[in-house]
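Have a look at this one before I ask anything.
By letter and in written order, the chains are A, B, C and D; residue numbering begins at 1 in each of them.
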Amino acid sequence: IGGGTQTQTQTQGKSIKVAILFDVGGRGDLSFNDMAYLGAERAKKELGVKIEYMTPKSKEDMVPLLEQLAKSKEYDLLVLVGFLWTTPLNEVADKYPDQKFALIDSTTGKVRPNEVDILFREQEVAALMGVIASGMAYELGGDTIGAVAGMDIPPLWKFHIGYLFGAKYFEKKTGKHVKLLWQYTGTFGDTQVGYNTAMQLLQQGAKVLYGLAGLTHVGMFDAVKDWNEQGRGKALAMGQDASQEWYAPKYIPISGAKRVDVAVYDAIKMVVDGTWKGGIITLGLKENGVGYWDLDGVKQFAEFAKEAGKLKDMTPDEVVEIVKQQREKYIKPYVWEIVNELAEKIKNGEIVFKTPKSHDEYEQIINELEKGNLNAALKKGSVE
Amino acid sequence: MLKGEEKISKVTEVLLSVFMAFTVGAVALLILGYHPGEVYYILFKYGYSNLNYLLNKSTPLIMTGLAFSIPAIAGVFNIGGESQLYIGAFLGLLTAYYTGNSILALIVGALSGGLLGLFVGALRVYRGINEVITAIMVNWIFYYLIAYLIAAKFYNPEVSHESIPVPPEARIGSIGGVSLIFLLAVLFAIFYYYLLYFTDVGYKLRVSGLSPASAKYAGFDPSKAIVISMFLGGVAAGLGGVLLILGITYSIDDTLTAIYGLGFTGIGIGLLGRNNPIGIIFSSIFLSGLLIGGQWVELKTRAPPELADTLIGVIVLALAIPYAYKMLIKKFTEGRK
Amino acid sequence: MLAVEMRRIYKVYPDGVVALKGVDFTVEEGEIHGLLGENGAGKSTLMRILYGEIKPTKGEVKVFGDKVEFNGPWDAIRKGIAMVYQHFTLIPTFTVLENLYLSMLTINPNITINEVRKLAKEKMKDIGFSVPLDDVVEDLPIGIQQRVEIIKALMANAKILILDEPTSVLTPLEVEELFKTLRKLKENGITVIFITHKLKEVKEITDRVTVLRRGEVVGVAKTKEVSERDLAKMMVQREIVMEIKKSPASPGNTVLRVEDLWVKDDRGLDAVKGVSFELKEGEILGIAGVQGNGQKELAEALAGIRRIEKGRIELLGRDVTELSADKRYKAGLAYVPDSRKVGLVLDMSVVENVILTNLPSVMRGRRISWEKANKIGKEIVERFDVLVSSLSTPIKHLSGGNQQKVMVGREIIREPKVVIVSEPTQGLDIGATEFIRKTLVSLRDQGKGILLISTDLDEILQLSDRIAVMYEGKIMAIGKVEEFTLEKLGLLMGGVNA
Amino acid sequence: MIADLLNILSNTLVSMVPLTLAAVGEIITEKSGVVNIGLEGIFILSAFTSTVVTFHTGNPYLGLIIGLLVGALSGVLHGIISVYLKGDQIIAGVGFNSLAYGISILSLVSIWHSHGSSPSVDKIPMIGKGSFFVSPLTPIAIIIGIVVWWWLERTPSGLKLRACGEDPRAAEAMGVNVYRVRFYATVLGASLTGLGGAYLVVGWIGQFTKFISAGRGFIALANVAFSNWNPLMAIIGGFIFGFFDALAIYLPIKIQQMSGRVITAESNLFRTIPYLATLIIVALIMKKVRMPRALGKPYIKE
């Protein structure tokens, strides 16, 4: 997936006003809140809309804020970021039929003319990352991959399923055994716990760690760096959502993408273009809603970092150069082949992943996958 | 029982405190490069105008404020309002779900909070374990325990990131535009006020807190006071949890966002209310308004949401020094004489 | 030369109480100067200003001719001033030695704890009494704590020594010892300021005396030139007859029976060892003894505050051994402890303190009737002449004497059948002392049984119908008051069977 | 297995530093009679400032010192409010926590346009071999704990400090300047906490993040009570908590590694281990509480 800075012609007409309502954690999560911000800022620049932001203090604030904003009739669109908004929106949406809502990364399950829900098929990116991680683990001389996950919540179920599927898919294709160590840390904010968890995973033989815990996995990056630099072994890390390679390009050759920014941008664009249509949209590999960041994407985020003064002694180009070398070194062509083949199957709808409805179903799928039954994760299609 | 003159100077003291707080806040805003007039305008315009929202928001905080203050009066530092609220919210929710009976849910929530408070108090009294350790540990234990139960056992099959919901018949709404849960909280605070200042139990609590030796001399058992006050505090927090669930959120999400942090905020509320139940009603409304308004400051000025945290911090700091204002008033009045 | 010269001192406390209204106070070098006054006259306030602990609102202080403005006691200490407070100022959780070390450090920052130990031992030898250096202060009886205070002051090599009511907790023997010490100090050129209510002591030990009344100086005199009567008149502006008229007792039924009582102290050592006695209605039984011989533990056990190891207590014919304090109070017992910190909740108002031991009587169902409490409060204030602006004043703002009046008054006013009083007139001025003693006698005449625990032998002899002497947790002797002389009491209290 | 143990031990020794430093600092403050519950805020503020300084100078040792200084400044603020202005110490702590969090994130936004994390900075390298690595700050924190214990219990100034926390009026009467002692004790205590805050970044993860203190300030507060106000015990308290925290992370991973059983929601139950263990240990070793008598009470002279 690329950075996607294609410039659009400015839309005319009265200026459109949009409020972006973040999740309770607010910006800074390197994940959907930050990505939503990117998308909104892009819409502001390219579509000439007015954007305002708000972070609710707590879950209890969501309904009254939503009502008050809808009642004010000031906003052409309210963009709600994160699954916590699901129930509040469900409560409010019908009362304000003239207010447009976009729910990002979740769905109320209801189709309303004034509501669009955009969610992602995270399994698809996670599956690719699972294959890549497995391939890299073998390059590093091991057979174990790991994940530092946040809390046991539905979006992470999908990542878990996909990641494990990818690992098992790799196993199936290559005959090389892969073991996954998946750890919920119970937090999306405690960086130190991320560090300690990563250290323990590495100690248990994991060679590649996938960060799925927001700020918690920032600590994981650092642990991987320490692990290498202390000479305890070789290991790599992978980020998710935003491109995070620039944090430590030598040790983070690749990150998964989840284009919340695109979702937000598209929702706003629908309003601007007058193509608004309520409904539920899911974005996956095919729609470029998820994927892994290509070098353009890596460069773009490195540029963001540079602008913010975060890249101290590197240029974005150097970041890209290092990432490129590392990818060449650790992701071998045979791995790319598997990745591309799998991606193709997913894109053309040959296989479709299940989305578990309940915790039990999630555990069941995981158990089946562990046993090597890849089809357990699939709603459609099969892997033989 | 204050005489006229004393009452007036108490009121001036409070007014001066608040005035100073906002002045210091304004200075802080200027330093940070924001326009104090604009920020305060938004803060007050939006913070205190949506009455139902304001009162709802202050409801659980009144209860966790009481949860801190009642034990504080008896000489115990209850930092465990957090977990007492969790358990009240969770068990209240389960009761409401399985019975559809809000009264029963309120009772179960209140009692469960009370029992957890009692546990902390009893460990202090009978095992000599400092309540600060127990409470902090218990807070986290229940945080993860409830996170587990909601994720694995009591999730809503329809909305997989949430717990089972409160059924409509057990929800508490509003009458005449005023939220019923707020009224309940106020009634409860008044009840505690009465308990403290007009009953033997309250009197014994206060004596025990101020001077355990005198309590013993009078034949009151200071240990009993600790246990009773922790129970009463826990009841308040537990009830706060149920009120939150039955009246506002109707469920708990599996990241526990709905219930996290209220107990800690309650410490500030209780202290700003000078550990007086009636004062707590006001301090809770005051702080809730700031919290609500802070969100709108972000929306309207593009300031990061943490501007509100900063401002609230400065205001609370300025409210921590009533003694200094008392001296200031005295200097001023003396100077005039 | 003047050791101390204080001019036109005003002191207004933060709550508006004007404690001193333009006091002039001078002390000559090398004299023992008495400072006399009723409760609340401002004696302690004046001395705390001299000691730098509080600042005067207005006025000038000179020490040895130098104008001083102390920022705290440490300045005063360096200027050679030491003070022994009415309420002791020792760190209760530290050992005696640590306390002494702490105070010595102010004078000599380089002193070591071993040097302090040596010095303390020397001083103790000089003065002729000793204290256990390695015991924790709060475990020691008040009398011993006072000794620590005096040693502390002496070790500081003070040139001016202020003693705020030092004798109120000492036995006559100890008082004599103290006076000897003071004279010795005087010989060495040390100036002593001596606060007391006891006219006899003023006459006995001081050279000059200043009398304070309600924040003003009402007289300064050479002690030799004034009589006790003159002083008393100055102090209270009325004639005082310090004689209690007492009819012979007519004891009736036994109201309190104690059988083989065993009680432990805070450190877990036996403090009361098999005490038995009876108290009859219409009599005062005095318990004499040097502080720390189990009187406190006995009183607390009787009141139900302290656990009993063994024995039996019968109140008005009923076994109360298992009852809690409040239940015993309700059953007709009253107890006035020797410490105001225990008997009062200092952070509560006067009226809230009034109901402390009297809660059931102001209850209307589960509700406290504050009207009723206020009525009782007013009655106490009036009957006992408590100097207080309002019943809602925090009691800590009352002078020690006035606090004492509230504490005693509260117990007496509720008409108990049996009264245990411990040092009831400690820190009271003559007027109040007289009043309280008379009250006790009249209570006796109304048929109440009174157990009077006191270290003041005058008080014991004056009030008691019978006397018991306690020594090391046992009753050495018990008998009619006529059987005892001052001398015999002194011997018994010292453990000598006369 | 040995390697696993060494790894857990490393984690423990790394985790215990901020808990120990802050608890030892808070013991100093509390022994003088002042309670400062603003540890969380000090952690954040000093972590942030030390990140900025380290980023620009590339010198993590300087970052450490800055953290210490910022802690001291926080202590000055708390000291002025609670000692000289006789404010309510708990309210002041609560307010400071909010202020410190807010100001750190506002600055993060204005310096790095990020709401969540700073860039990586240089760290003080951990030292070790094989599976055992530890920060040089660990022995330093332990030594600080021992020195503070010795200072408080064995020296004249320690005695004075403790006197202020037991009975300030008596202490004052014996010539101790209670205000000054309490003020300095607050500043000193807060600077140790500041050191702990800086360590979170330059000694541990090399980066500032929004929730970097994550409740550690409160755990340190619990450690103060756990230690019964004894700095030596605070070292042990930090170790114990760090150990069970590491164990709680280790166990589910090891179970997976050995049996292949994936642990999902139950991971929450594992997370309760350090808290449960601490509680149980306290219940077992509990002795008579030696809390300073005058703790938290402003000392008001007339």
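Please note the rule applied: contacts are C-beta pairs under 8 Å (C-beta built on N, C-alpha and C of every residue); 3 or more make two chains touch, one makes a residue touch a chain.
A quick map from chain label to UniProt name: B = ABC transporter permease; C = ABC transporter ATP-binding protein; D = ABC transporter permease protein.
Note that the coordinates shown come from a computational prediction; the quantities given were computed from them, not determined experimentally.
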Intersection of the contact lists for chain A and chain B (ABC transporter permease): D
Chains touching both chain C and chain D, listed by label: B
Euclidean distance of C-alpha centroids - chain A vs chain C, Å: 77
Mean-CA-position distance for chain D and chain A (Å): 34
Separation of chain B (ABC transporter permease) from chain D, taking each centre as the mean of its C-alpha atoms, in whole Å: 26
Distance from the mean Cα position of chain C to that of chain B (ABC transporter permease), given in whole angstrom: 45
Shared-contact residues (touching 2 or more other chains) in chain D: 105, 115, 264-265, 268, 271
Contacts with 2+ other chains: residues of chain C: 14
Multi-chain contact residues (two or more partners), chain B (ABC transporter permease): 144, 147, 151-152, 304
Chain contact topology (line, ring, star, complete or other): other
Chain-chain contacts as defined at top: A-B, A-D, B-C, B-D, C-D
Residue ranges of chain D in contact with chain A within the complex: 3-4, 7-8, 10-11, 14-15, 55, 105, 111-120, 126, 128, 130-131, 133, 200, 204-207, 209-212, 214, 216, 245-246, 249-250, 252-254, 256-257, 260, 262-265, 267-268, 271
Partner chain C, residues of chain D touching it in the complex: 156, 159-160, 162-163, 166-167, 169-177, 293, 301-302
Touching residues on chain A, where the partner in the complex is chain B (ABC transporter permease): 19, 24, 26-27, 52-61, 63-65, 68, 83-84, 86-87, 106, 109, 151-154, 186, 188, 356-359
Sites on chain C touched by chain D in the complex: 13-14, 51, 53-54, 72-74, 77, 83, 85, 88-94, 98-99, 101-103, 105-107, 109, 152
Contacting residues of chain A [partner chain D, same complex]: 26-30, 34, 144, 152, 160, 179, 181-187, 189-197, 199-201, 203-205, 214-215, 218-219, 222-223, 225-226, 230, 232, 247-248, 305, 307-312, 359, 362-363, 366-367, 370
